[in-house]
Structure formats: C-alpha cells, structure tokens
Amino acid sequence: SGVLPLCRSPAWDRATRPPPSPSPAPGLPLAPCRAFSNNKIQVELDESSGVAMMKFKSPPVNSLSLEFLTEFSISLEKLENNRACRGVIITSAVPKIFSSGLDITEMCGKSVEHYSEFWRAVQEMWLRLYGSNMVTVAAVNGSSPAGGCLVALSCDYRIMAENPKFSIGLNEAQLGIVAPFWFKDTFVNVVGHRTAERSLQLGSLHPAPEALRLGLVDELVPEEKLMEKAAAVMAQWLALPDHARQLTKTMMRKAVLDRLVAHREEDIKNFITFVSKESIQKSLRMYMEMLKKRK
Amino acid sequence: SGVLPLCRSPAWDRATRPPPSPSPAPGLPLAPCRAFSNNKIQVELDESSGVAMMKFKSPPVNSLSLEFLTEFSISLEKLENNRACRGVIITSAVPKIFSSGLDITEMCGKSVEHYSEFWRAVQEMWLRLYGSNMVTVAAVNGSSPAGGCLVALSCDYRIMAENPKFSIGLNEAQLGIVAPFWFKDTFVNVVGHRTAERSLQLGSLHPAPEALRLGLVDELVPEEKLMEKAAAVMAQWLALPDHARQLTKTMMRKAVLDRLVAHREEDIKNFITFVSKESIQKSLRMYMEMLKKRK
Amino acid sequence: SGVLPLCRSPAWDRATRPPPSPSPAPGLPLAPCRAFSNNKIQVELDESSGVAMMKFKSPPVNSLSLEFLTEFSISLEKLENNRACRGVIITSAVPKIFSSGLDITEMCGKSVEHYSEFWRAVQEMWLRLYGSNMVTVAAVNGSSPAGGCLVALSCDYRIMAENPKFSIGLNEAQLGIVAPFWFKDTFVNVVGHRTAERSLQLGSLHPAPEALRLGLVDELVPEEKLMEKAAAVMAQWLALPDHARQLTKTMMRKAVLDRLVAHREEDIKNFITFVSKESIQKSLRMYMEMLKKRK
C-alpha cells in the first residue's frame, strides 16, 4: 500500500506548466517510483517513432486488480515523464479480451482500508489516462466491458477489431451496481447524453458494429490489421505539434477531470459505503458464482 | 385547487433514500391524496408483470389542462408508491393524437392565481415523470406537439407509430411563445444542442420519420404493433435490477431536475409575467381562433 | 483605436429588454457609430424582405484583420439597430474563399497594446454575431479555416457549396496554436463534444462532404444555387415571430456568451501572454513564410 498516492501530480496539470528545459538523454527513464514492476503489462517503447506499445497480459481476462491498476498507473507515469515517448497504443496480449474491467474479487469481503486503496487506484489510473499529455490510442482486440470500456473511452482514439462477437460497454447496471459519475462523464463526452443514458440504464454491451454506430469506437478494422491501423492513426496524431495538441486536449477534458479531483475523497467514501452493503456483496458474490459456472 | 402542491416530494428524491422496508400488500394503493379522481386518464396495472398502462382519454386532443395535469401527477405518484408497479407505458386512447400539449384556455384571460396554480401543475407533472423511478415508455400513437412532446421526451424510451402524418416537436415558437428552460434542457438531453437549437427556434413539428432521424424518438413501428413493441421494450428494461437502474437514471437526470427545483418559484413568476402580457394574450387568442376555424 | 469598445452593449443583452416602443421610420439607420466605413465588407439591405446581404470583399483571402473585424462589428450593429432588418446572409465576394480566419500579421511582431486591441475586436465580432437577434445564415462559398469557420459556426444556419475542394474547420492546432475556449464552446454546441475533441486536436480541415456528415454545416448545394438556397432558408426562419425566436436563441446561447463576457479581460491577457512567446512568434512566422511560398 506504499505505492499510492503516486509520486507525481496528474499529468494533465503539466499542460499549463512551461515546457520542460533541455531534455534528459532520450529513453532514460526517470525513476521516482522504485516500486515499479512489470508483471501484468508489457511496455515497449520505440524511440525512433516515440510510440510506446502497452499490452495487457494478465490472463485469463486482464481484470483490473489493485496490482494491475498500480502497474498501469506507474507505466503511464514513466512514459509520460520520458521525453522520448509521445504516444502510447494500448492493447491486449490475451486472446478475445481487451479487459474485463474492475476485478470483483477486490470488492468482495475485503476491509474498508482495502476498498479505499483499491478505489483510489481506479481513480488514479483514470486521471492519468484521461489526462495524459501523450496521444493515446486504444486497439480494442477483444471484449471490453465495464472498467475495460472505461480504459478505451479514456483514450484519444478507439479502433476495434471487426468481430461481432466482441462487445464493449459500461454494463455495471447488469451487475446491480452503478457506474461512478466520472465513468458516466467520460461516456457522455464520447457518445452524448442520450446514448449514454440509455446504454448505462440498460447496462448494454454493444457488439462491435453497434459500438461503431453509436460512436463508442471510432472505427472497425479486421483483427489482423488492427496494429497496423493503430500505428497509422498514431502517426497522424503525432504529426501535430505536441504543445498545441496537449493544450487543446486539456481544454476539452479539464472540466470532467477537475470534477473527480474536487470530489475524490467523497467518491472513495461513496464507493466504500456502497460496496460494504450486504445487498451489494450478495450481488457481487452471485455474479462471481455465475462467472465460475460459465467456465 | 386543494390538490397542489402534491402531498409528497418528487419521486426522484427517493432514489437516494434507503429502499423502503417490508412492502405493503402488493397492489394496495397508498392513499395520501384523497382528491384523486380518474376522469381523463385510464390507468390499469398488471400486477403479474408490474407494468401499468396509462391511457390519455381526454378528447378531443388530450390537452394538458389543470385538471388533466393534476390527475396525471396523482396517477404517477400512486404508481410510484405502489410496490407492485415497476414500469408504466404512456399512450393515448384518442385517435391520431398523443397529446396536443398545454391547454391554452388555462393561459387566456385567467387570474394571476390561476396562472400560478396551472404552471405549478405543469412543473409537478414534469418533475414526477422525468424523475420517476419507474421505467417509463411513451407509445406515441398520434401527433404530439409542445407539452405533448415534453411528456414523450421525459420518458425513458419513445416508440412512435410509423405514420408520416403524425408529428412531434416543441413548436412553441410558432405560437409566439418560448419553451421554458426545462423543456429545453430535456430536449437537449435527448437530441443534443444543435438539433435542439434549430428545432426550437423554428418551432418545428417533425413528421415521424424525421423525428426518428433526429433521435427525438427511438424507433418507429406500424401503429398496430405499437403496444406489443412497447411491452417488449418494457420487459427488456425491467430485466435490469431496479435499484442500479434507478440510481443510474438519477445520475443522468439529476442536474436538470435540480435546476428547476432551484428556480421553481422564479419560473412561475416568469410564466405569470410572460402570459399576462397583452401581446401574448393576443397571440394566444389568435391561435385559438385559428384552431376553431380548422375544425 | 477610438472604435472599440463599440458604442453599445452586445445585442444579446437586448433579448431580455422590453420590445422597443414605436419603431422609427423603417430603413432609417440609427447612427451611433460615425466612424463606420465600408471598405472590406459590402452590405446591402433589401427592405422589402428585411434581409441584408453581407459580402466579404477583402482579397486575397478575407482575412480577419483589425480593420476587417471592426467594420464587421459595426456593420452587424447597424443592421441590428435597423428595424427594417430581420436577417442577414453572410457570404464572400472573393472566389474560392469564405474567410481565411484571423490575420496572422496582426499577431506578429506587434505591441502588447496592439494585441489587446486586436483580440478585443475578435471577441466583439463573435459576441455580436453569436448573440445576434437577427437570423444569421452563412452561405459558405469557399474554404473557411480557423476564424473563418468560427464566423460560420456562429450563424443560425450554414449552407456550403458542394465542392470537395472547399474545406472548413478550426485548424489552429496545425499552426501550433490553440483555439480559445469560446471557439471551442461554439464548436461543441454545433457538432458535440466528441467530434469537437477529435477535430480540434487534429486541427482538421474538413472537405465539404465530411463537414456535412459531422454536422459542421447543415447542407450542401451546388455553388450556383447557394444564394437562392440561402434566401429560401432565410424566408423559412423569418416566418417565425421575431420575439419568440430571439428569446429561444438567447436561451440556447446565453451560457456560452456569458462565459466570455465574464472572462473577457482574462482572455485578452491570456492571448497577449501566449502570442508574445518567442516560440509562438516563431511558429507564426514560419507559417507566414509557408503561405508566401505557396503563392
């Protein structure tokens, strides 16, 4: 638990700071967070293009556990602070699944302290990703429910494999739980109020073609072309001067980021109260049972 | 006039309250409002499905008179408080018209007290309907201008008869009057800012196919399939756990509901000032004359 | 520099004022601003229809210089105050270009005082146009980047010539600069948050067909039909009673207008700080060099 809060303020704060003075040797990682490990996410930076590839490799379903989230945030921070890195492509190394979302075992039968630490890690991940100064492209090569969908929604651009068996959506309502307000804000910013209202209330998981129609993803490509397309999109975005693009991104996203920053502790308390309810614990246990039976 | 303000706080307040303790005998109506009568709206609750059917039957055009609005709010409250009821389908028993909107005779040549009471009843209806914890489906089986359109916009889902002669829209500007800010907020939440701006300024009545294209309604079906489709949609929404769905709905709609609650008395005063103007009275009288000649 | 601030408060303030008492002789222009000149914009009012035609004629590219903006604001004010004028069609007398946007020479190597005066003139133009009580139709008969796009976005309706060589967009990011927040607010109100976020970050210039698809313009017509179509659209909007339409327009646009009014001096200071940076000066000089080489 010594890992969070992370060592640095969210990256999006920096958009208003003066540009950093002479850069360190390119590729030399800053090392403010020694606890960093690399078990669940594979990160490779191509210094010639300035593009990092981040691959979720936490089988069976890349669920967002406390450990995964911590590694995710630290990886994002390292890239953010590495002047050689201008963009990151996020994808999965696990077949058929991008990420299954928050790890329900972190929410079941744990202590209040654990819930608090877990929820802070979820917030931290989102603040870093949604507020990243880097160009962020999600290459969604599998299903992406709930928190997995949030990861995709928080990127600058979403490309999904053209496979109608893959679905994406904020389906929390199906589990008897409610997406936090900042999941909702992120969703509304992508698909608009009406689509978000309907999809959130129904807890819809949208097959890829529907996700495209709703604007939840920006384009579909055959799965074997996904990485090639992601690289092409990244190159297009990196053709813009960084500083103007970053300030523009901040302008678009600041209101929603600020809202969580202003209500962060309250949001953690709400989560603890909610998840501590016996009715919710029961729902989550039932859901986990159901998942086990499916296998 | 002893009916309003209604006996209870708006339903949407309850979303944050703890769930009610052991329910009363299903179907037993709570009776806080003895003045209740049932002249203009037919309400039938199917306790096996938990779905109520609400049919407007106030010929010739289901106009939203003070009496109609009062009955509407009371009916909604009764259903809301009835644990056996989880959803309501709203439709019309009058051919070719869903509702013609606010009853202009309530706004013409009446006292300030009357205008005040009438406007409060319009507000009350909207607060209850837009903030309902029940699943609300509008089966729009006829034209639905102005206040009639507001009723449809306030539901969770809108199905319209596939008849290009039926139209729907907030056409207040055509009458020389202005839709209140909360009509506008509701409209923007459904169709977005641009479509709302253009449609409201032009006072457009959109034929059913155009209404679908703009997102003003969610789908069109042949008129004879309307009720069947409404029941199917309702079943889909009721498949979700109530509590999570209700909290999600509140999250989506609270900002707009709160805005009227915060400015309710001011909004009534504005309405009185506006409607008391001789120029507006003249516009409304001309409009009524025109309607009479049409017959 | 004796011209700005203009003699009157923004037109949109008037929407909440009582309607003016007995009108002066129709067509008699009020004359609060004697400094008015007419070098860069040709204005013709057809008193029978109440429609003014405003043609940008500042070759080679109708760039929005201080002089152009001043004349634009004064022309708008004169029409606004002329009871014979109810609507204005804005178009270009220069082939292939609607307007190239802000005149970069006004931002390069000038004094702080000049930057301040220039930016105030940009604000003033937008406050008058976006808040105009008149019906405003943009007949976009050529390319329309950056500030030119803002002019079109600020109108009530946008018709563009059906020529894929003509493009439109807020491409500031391409130049290494950032669109001000009120450019962004205006854009979001037209195309929604997601489209705005992507388009602004990429500094996209959208060819006419794409602009239509994104909702950036309302329709495309063959270039030779553009003025005819603009007149027909204007007639449709003028069929509505002015007062209700104006109040509705104010209701839709007031929040965004108020935001600039509240932060006007701060916005000027930000512009001065930004444009005074050597890095920005360098970007702008490079861009101007590039434009010169293109010729």
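Per-chain numbering from 1; labels A, B and C assigned in written order.
The definition used in the following text is that a contact is a pair of C-beta atoms (placed from the backbone, for glycine too) under 8 Å apart; a residue touches a chain by one contact, two chains touch by 3 or more.
Labels paired with UniProt names: A, B, C = Enoyl-CoA delta isomerase 1, mitochondrial.
Owing to the predicted nature of the structure, the values given are computational and were not obtained by experimental measurement.
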**OP:** Have a look at where chain A meets chain C and say same if over half of the interface residue numbers show up on both copies, different if under half do.
**Re:** different
Original post:
If you fit chain B onto chain C using only Cα atoms, how far does it have to rotate, to the nearest 5°?
Top reply: 120
Original post:
Whole-Å distance, chain A centre to chain C centre, using C-alpha means?
Top reply: 39
Subject >> Residues of chain B engaged with two or more neighbouring chains >> reply: 192
Subject >> Contacting residues of chain B [partner chain C, same complex] >> reply: 172-179, 181, 184, 192-194, 196-198, 200-203, 279, 283
**OP:** Flag every residue of chain C that touches chain B in the complex, lowest number first.
**Re:** 19, 156-157, 188-192, 215, 218, 236-237, 240-241, 243-245, 247-249, 251-253
